[in-house]
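Some structures are shown below for you to check.
Each of the two complexes below includes chain A, the first together with chain B, the second together with chain C.
Presenting the complex of A and B:
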């Protein structure tokens, strides 16, 4: 296991450096003078020169990349062009919000997605199964933007149940914070919940057809035991894989949700950084997101092995 | 199985019923009739459309920073929120010498910083020197460039302080300029000229002052949670005549106009920007509380005066000016949210002249001028391309102007560019017909005419490369004329001369679009798109049967 983790760690380093290389090259190859773009009107040539020097824009791309890579082990990601503060400080402020929102969304996905999928599979072709199938189709088809706006309209403007947007203000307790999470987490979770429900349903149906389930039933085990003790654990393997990867996606790609609900996470930071050509912010954010993504993948692989004892490292899993 | 389905439906119906009851209950409350009396206190939730870059006067540049900064910091002078005329703030009075090179400000006594210490002339000397100090790396230090010694201190780094700023005593500040410039006094109303206490800068370090700003304004800083909110509270010892009514202002930070507007509708915000596409609905719903008024900015198309066919062909440039239908552009394309340009200087600037330019929508005149220019019905013109920066609706405007010009026989391509590339291409004279806009830093005619049309600014802000010695002379003369009426007259002449030369097509003046809650009074939006929050108050609500 240790060897496996070490091997994955080296792979991670290569992936991260590769991503930084590509992103940095892409940002550098965009035309236009970044210093002039972000300087206020009336700024003198000296001011522009100062900006170029401060952000190393006067140096060739490879030199800039080398300076950047040298700072990486110490997590020195430079200063943001736009905010004029260390990128790491900005990430430190925004990443926890994205993680918290992703966790809230993941809870919704796990609870409702798995529950709906399992119920749907166990009570196949019943009213509930039809309800799950239809509602997941509708959810997958609805854009987050629209779901978000609808929720704001119903639950904030008309019913006044939840705050329309924003993160809990500083000093808000855990219970007081929950209403702030409900709508953005639900919007963020909507599509994934539908996917997980469908995935759990098909996976459970496949497992329920396996010989060992027939054997378990033949042994006289109760249906509850058959499902929860024998079928569920195996049936959830593809779901866990999906959830793990999806968690990384939920953190980094919640741009629309964060915009609609004015959530101070990394998603909209990344969006604006790209728009404003804030090189250091873009590279810094991508670096951190890649790290998270790779770390989650590693955890998923480990949990994968835990869930299915037949899976041994280096061998292809038999159940997919 | 059937039972569980039934339970699920029952739960859903119950939730809907509970919601319905809550809604009806809300509607059934007695209507409250607001009586407009000032209720002292309360917390105002203000909509800010981005996290400010900084709250340090030395770095205040974008509108969000200035919106907050104006509540925390005061300067020597200020602008009247309605007329934009210059009014004293921390200065009791000022004098200027005959050639407008030396300004002497007499300060009010007893003005206190939020930390309780009295602010004196030395604080101005310190603060202005700090802005210009290369170590501060201020990107807005250029506001102080007319001051003597600025170049040596800030740019050449051959001096260690700003030679032109002196404290004659605790309450007298003398400012000497590098060249005659009567409107300099307007600069002092910009928040970059606000005094800050040296001891606070030293306590937190110059770079961290932005996180602990202290000024002399009506509200004092409490906290800044980046990307979420900035909190300021009433400063009890505020020296100004308009003491704040509100106890606290929370600047709630948004990234999306639409989300902020939804929050306003839900009652979370007390004001918000009205998003594009909702202007008419907002006007119908909120009446006078939906504010639409001209701002101090112009949207124009420019010609590069160094390059054919624009070079030495005034008739052609004038033809383009007569061919565009500004009224329809503003009323239809822009939904009434722009004002047709009447010149270069917009209304709201002292000296504005309503009839500055003669160009009206007159396709026949445009055709006649095209013929005079040597391009009858547009024939013989080289292939033209109009450039614009992508992403903010400039394409729609360009298409409309394209159709206007087509009506008089002129065809051109339109091409969008990313902003950074776009600026480079204009400056490199590769795009010679282009869109640009200009928002004023100070409400003075000079701030439109000098940067955009003075010959020495060619290639900097004067992107049309316009050079007219007569205009240069008028602008320089106006700058050195202390008498305001005389000065304005000179600027007016210069504006008319520039318009006659037609280096640009003035299209529209910008408009602000903001809405505020019926719970508050005293809310105004200034022509530079700010709200003086010391004037805002909550209304006393009296219940009537």
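Presenting the complex of A and C:
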């Protein structure tokens, strides 16, 4: 067990070093005259030169690369030039909103994804199965920001069920803020829910074919017991692993949904940074989000090892 | 995997040929014949099962239609996709569908159908070029890692891990930030981000194939590394790649759509489905039908590749043989 955790840690450290290297390369190669973008309009050549010196822009490419390489492990990400504030500060303000939305989305993914997948597998080829298969395929094929707009059109514009966009205003109680979460969280969860449902279905079908299920049925157990006591535990193992990887999909989706729903999270900030060509901010946000993704995957893998003895003992094949 | 028969004369009990000089070539030629024969049989089998999968055939039909539309766009489009045909007509912009403009006109008085038809070209291009880039990089590095192992394997797989650390949207945003917006850079960003998964899948299937006896036999005959990889391992290791690549084409079309939404894709006025959807999105509450047109086109074509990929996976899976 300890060996597994150590090995996983070592892998993560290598990945983080790689990520730092890649991000430094990107930062050092950013296009455009950053000094001119930061300076007020009509600034003199002298001011520009000062800005260049301040942000090391006058140094050669390799020197800059080295400066970023030294700074990144200490999370020195520089200033956003649209906000004129350190990128880390902006992340600190917006991250809690994204985390709350992600938790809401994760609940939807787990509940609806697994439910749909298991129903679909147990009642294979039934109307419900066909419905789940078709709707998950269509969801996966939809641009996520379009899903968001469609929801706004149907549930807000036409049906007036939920507020069209925005986070709950300050002072709203837990119950009162739920309507604000429903649409953005559902849009954020849509694609992952579809993936989880498809995965749960195929993995349940795989398990239901196995000998021990036949044995359980032969013993005369009720179908309910066979499925919930015997099949579900093993059938959901791939789903649990996937949830870690899926967090990456969720982060990406957040960039596109938070903007549509005007949600004050990191994705929203990233969207505007991209639109306004605030390059320092873009790369800084990407860096932090990638680190979070890597950390979550590490946690998922370790907790997963506790659950599955085969992984602990290093017998199971590498999870792809 | 198919179990290839060996030429009769290689079987024990028969006179063993001496593997020297011309005999080696003869044997290889014999193997080659067997290989080609085996492959056609396999693919005939796959095609047979695919043909009976209604969903997959629907997907294939949509894909063929999409490619034809893209190829013959200039002959099919009733108007110029960029010309603002109706800009001066009173009430000419954001017209609902009519006999004159089958899918209506957009906010700049351009014919939406013509834009949709020309936009299909971008989707097809992104799908083909981006996936081709991923395939070339992924197959090369995957083969290197899986076949040679050792430090090449470690270096390649650890770099792949770094790529996996970047969720696709973030990776694409980061690359596009440095390269700048534009279609060519979309190809590069999506293509480069896709290599790691393909390399990992290909490496895995090479590892499982390379221990087979026929590979050992080829090696004993003195075949070169590249010959062993491309002639003997590839045909058996490629199947999961075919499925993945098919689905990736859909993924690339989708990626073009969200990159356009971020203002990083094909720059206007040239129409792409992505920038059309992004452009029509703000009118969702006043003219909702506008966003449905490029949106539906994207969903249908991505769906087509997913369905075909699903069908191919089932058709290629030997365990599912006979269970259509």
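The rule is short, and it goes like this: the second predicted complex is superposed on the first by the 241 of 320 C-alpha atoms of A that agree within 3 Å, B and C clash if a C-alpha of one lies under 4 Å from a C-alpha of the other, contacts with A are read in each partner's own complex, and residues count from 1 in each chain.
Criterion: a residue touches a chain if its C-beta (ideal position, glycine included) is under 8 Å from a C-beta of that chain, and two chains touch if they have at least 3 such contacts.
As the structure is a prediction and not an experimental result, all values here were calculated from the model.
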Could you tell me if A:140 is touching chain B, chain C, both of them or neither one (first, second, both, neither)? second
Output check: A:169 vs chain B and chain C. Expected answer is one of first, second, both, neither. What do you get? first
Let me test your reading of the model: by the given contact rule, A:9 touches which partner, first (chain B), second (chain C), both or neither? neither
Quick one: is A:152 in contact with chain B, with chain C, with both, or with neither? Answer first, second, both or neither. both
Which of chain B and chain C A:30 touches, first, second, both or neither: both
After superposition on the shared chain, which partner residues are touched by A:248: those of chain B (first), chain C (second), both, or neither? second
Mind working out whether A:212 is in touch with chain B, chain C, both or neither, as first, second, both or neither? neither
Does chain B (first) or chain C (second) touch A:293, or do both, or does neither? second
Shared contact residues on chain A, chain B side and chain C side combined as an intersection? 30-31, 149, 152-153, 157
In the complex, the residues of chain C that touch chain A are 158-159, 161-162, 164-170, 173-175, 177-180, 200-201, 204, 250, 254, 257-258, 261-264, 274, 277, 281, 284-285, 288, 291, 295, 298-300, 302-303, 306-307, 310
In the complex of these two chains, what residues of chain A are touching chain C? 11, 14-15, 18-19, 21-23, 26, 29-31, 137-138, 140-146, 149, 152-153, 157, 248-249, 251-253, 255-256, 270-271, 274-275, 279, 282-283, 286, 289-290, 293-294, 320
Taking the complex as given, what residues does chain A use to touch chain B? 30-34, 36-37, 39-44, 46-47, 50-51, 54, 82-84, 90, 93-94, 119, 123, 126-128, 131, 149, 152-153, 156-161, 163-167, 169-170, 259-262, 264, 268-269, 272, 277
For chain B, which residues are in contact with chain A within the complex? 1-2, 4-5, 8, 19, 22-23, 26, 51, 53-54, 59, 61-62, 134, 137, 139-143, 145, 154-155, 223, 225-229, 252-256, 259-260, 262-263, 265-268, 418-424, 438, 441, 451, 461
